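Contents: one structure, followed by commentary.
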């Protein structure tokens, strides 16, 4: 009986989607050559696919509802497996050692091509962790994050072009400029409500990109800047391969530094204020926290990491132009944070590795990449807003006057 | 003077286009306080569906007036269906959770729909046939205003009138206003909130589709990305007028249309899109409630 | 002695609605004062105005430390008001739901701490000391309010009564000399209300805070308050000690039209 009803429901949903997708999926028009192709098989695909997916969807929604009710009754939340393992030294110390060996050996074992892909992923780890401060901790949806990435990349490219500034000088300068930009842009907009903030930051991101595209005298317009030098190592002449390996370790270093800093920030007076701000702005202010300053600090710090990421990006690709800094780049970084787990460091790392590495190795499906990113954003929000690895609460212990603060944060 | 008139009418065209999209934004925002990022994609899907209908019927040799009317109607039907479905999938399960979540979900939906059309159809710009004939009486002023533009003005005006009637005088309109005021309260007094929300998406989406077909005919081309920029600008217009307010959306659209038109006409066309964004940033910073919006104090 | 809180002619309009109409109110050092009135009378709005969450249409608000220095509250942001020594709770509980109980109280300590971003990253000894101090202080505050056993729970998982008490603990952590409580007993059972009564008395005795509270539970109000203000439709209709208020005809009239729990 119920099975019959379920099947009927799925059948109806499937019919609905066949109707819905009929024109766009089936009738492929080409008004340049005045041709029309009919792809009937796609309709069958949609029908069958949706029929099965709709079972899955209803099952997942029902489980989510049940989970919510259960949590309300028992008042407990389960700690996910991975953070629990992370909290246990018996597991995480060997794990850490294994990871270390893998990380060090990687560029020598695998090809330069693989190393370069991993470098890209590491750049996303760094900027993802930066955006995580803004979105994950402080709860500010910044859709113009890539603007700061552009600031970093262009500061290295332009300073090098005009004044021969080296990578090592440009790294702090790019970070600083991004920080300053973060303050300048953040100051007027951070008063706005959450969703307005998203749109305004999106606007700012596009303004910066359009300016880079149109202001030829300054940024060389759409043709961009080429021949940006790769980072040097004490003036040594590095081969292409050596240089990749060097950038790889540089990125590992930068990622470790970022993790170190973000962990400490998260676990400090400022970090707590960010999280409180995300939870309830009004209560936060009423508890004596300066809303504007706290938001600004999150915004500008996030920008700083984007700036650093941008400098490395320019150095790695040796060529930049405005097309690398579209709104979609911001959204990919957002996707990294959302998939991994807003507010969780380990989550962001895992998110970056999954989202950047998988499409590289599944080249055949690369055109579906952005489509899948869209699906990920929706599904994660609907079913797992905390991400794959959600942040774990910090446990403080009290033994008389002895306070041992144990940090369990992933 | 001719040039001024041309810019003026060009601005009016832009404004009417923005209005057709902005109305949907403002209606949805008024009801569920969500920036429906995917609204621009609904508009784009409307334009595409229209193009598909036009292509098929042209091949069958129909008369062009019949084609354009049918294309607009089918596009509206489909966009409404998309709007309805999107709400059920991406927004309804998130009611009651944080606003940030719904917003991210909306962005995901927008990304998905763009790439769905890109993959199913093409990434190229497709020429869009203009089936609205050039009327004889417009011939003398043909260099200033085209018949498509006249149709756009009329469509925008009719939609505005119809919507005002719907909101002010029908049962559904009353329910919509109630839900916009206080959702929980209206639920208590027996308003079917789910239905109201679905209805809002359906109406907003079909208006956007009408805009999509007309604009694509006017501009003469379409691709999967046209919804995004148009959507953002319409959103700017909605905010400018005061989000949640329908007359505000129209007023904001006209103001944005004219300022853009005069700015690009007299000053510089390189920075056309920058201009809209700068405009947006300035309004949100200095008058976030918009022209017609009330600057409410959030209830604590 | 000067009153710790001195409000004159406070008026607040929302569009056409006058939610507060020329209200005068004083709280003297060490006093427990109640603000009562039917639902929608404007009591919460009064709190929102004096704590800087709303900006009032008209009126003067003066906050004076027991030691003597005064500051005008007009135009101050909420966090500045809290820094100056007046803290509040919310009628519709506004805890940081996804933070632990201890962290909620630690947020209250925020404005009394100094360490900034460099300190957070480099963690010099001074910073470590401060962090340890804040954990200890916050824990002690929880012990005092009787929430120590929940210390590492998420705020959202606490029973209702405990959430209300956590709001008080969080406000007290900011070191106020004047505490504003907005319906602290709402939703509590008789036992919990009794404990709340004791707690408030104890807070005044031990910490020397003055208290201004909004409350519908008349038994609690009458037993706690030194003085009572009654508002209706934004206007002050009576003021006096519990005995005077009980027998005031205007008050009885305002309440007769209301439900018992109003």
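We call the chains A, B and C, going by the order they appear; numbering starts again at 1 in every chain.
Throughout what follows, a residue touches a chain if its C-beta (ideal position, glycine included) is under 8 Å from a C-beta of that chain, and two chains touch if they have at least 3 such contacts.
Quick caveat: nothing in here was measured; it's all calculated off a predicted structure.
> Could you pull out the chain whose C-alpha mean position is farthest off from that of chain A?
Ranked by distance of C-alpha centres from chain A, the top chain is C.
> I need the chain pair with the most C-beta contacts, please.
A-B
> As a quick test, compute the distance in whole Å between the mean CA positions of chain A and chain C.
41
> Nearest whole angstrom, what separates the Cα centre of chain A from the Cα centre of chain B?
30
> Let me have the rounded angstrom distance from the C-alpha centre of chain B over to the C-alpha centre of chain C, please.
Between these chains, centre-to-centre, one finds 47 Å.
> Please list all residues of chain B that touch 2 or more other chains.
Within chain B, residues 300 contact more than one other chain.
> Going by the touch rule set out above, which residues of chain A reach two or more other chains?
282 - these are the residues of chain A that touch more than one other chain.
> In chain C, which residues are in touch with two or more of the other chains?
Residues 53, 90 of chain C each touch two or more of the other chains.
> Going by the contact rule at the top, pick out the chain C residues touching chain A in the complex.
Against chain A, the touching part of chain C is residues 51, 53, 77-79, 82-83, 87-88, 90, 94-100, 102-103, 106-108, 110-113, 115-117, 119-121, 123, 127, 130-132, 134-136, 139, 151-152, 154, 157, 170-171, 174.
> Mind pulling up the chain B residues that touch chain A in the complex?
Contacts found on chain B: 33-35, 45, 48-49, 51-53, 55-56, 59, 74, 78, 81-82, 85, 89-90, 93-94, 97-105, 107-117, 119-122, 124, 126-129, 232, 235, 239, 270-271, 273-274, 277-278, 280-281, 284-285, 288, 300.
> Would you pull the chain A residues touching chain B in the complex into a rising list?
Interface residues on chain A, with respect to chain B: 16-17, 19-21, 23-25, 27-32, 36, 42, 61, 64, 135, 139, 141, 143, 188-189, 191-196, 198-200, 202-204, 206-207, 210-211, 214, 282, 328, 331, 334, 338, 367-368, 370-371, 373-378, 380-382, 385.
> Across the complex, what residues on chain A touch chain C?
That would be residues 75-77, 261, 264-265, 268-273, 275-276, 279-280, 282-291, 297, 301, 393-396, 398, 401, 403, 405 of chain A.
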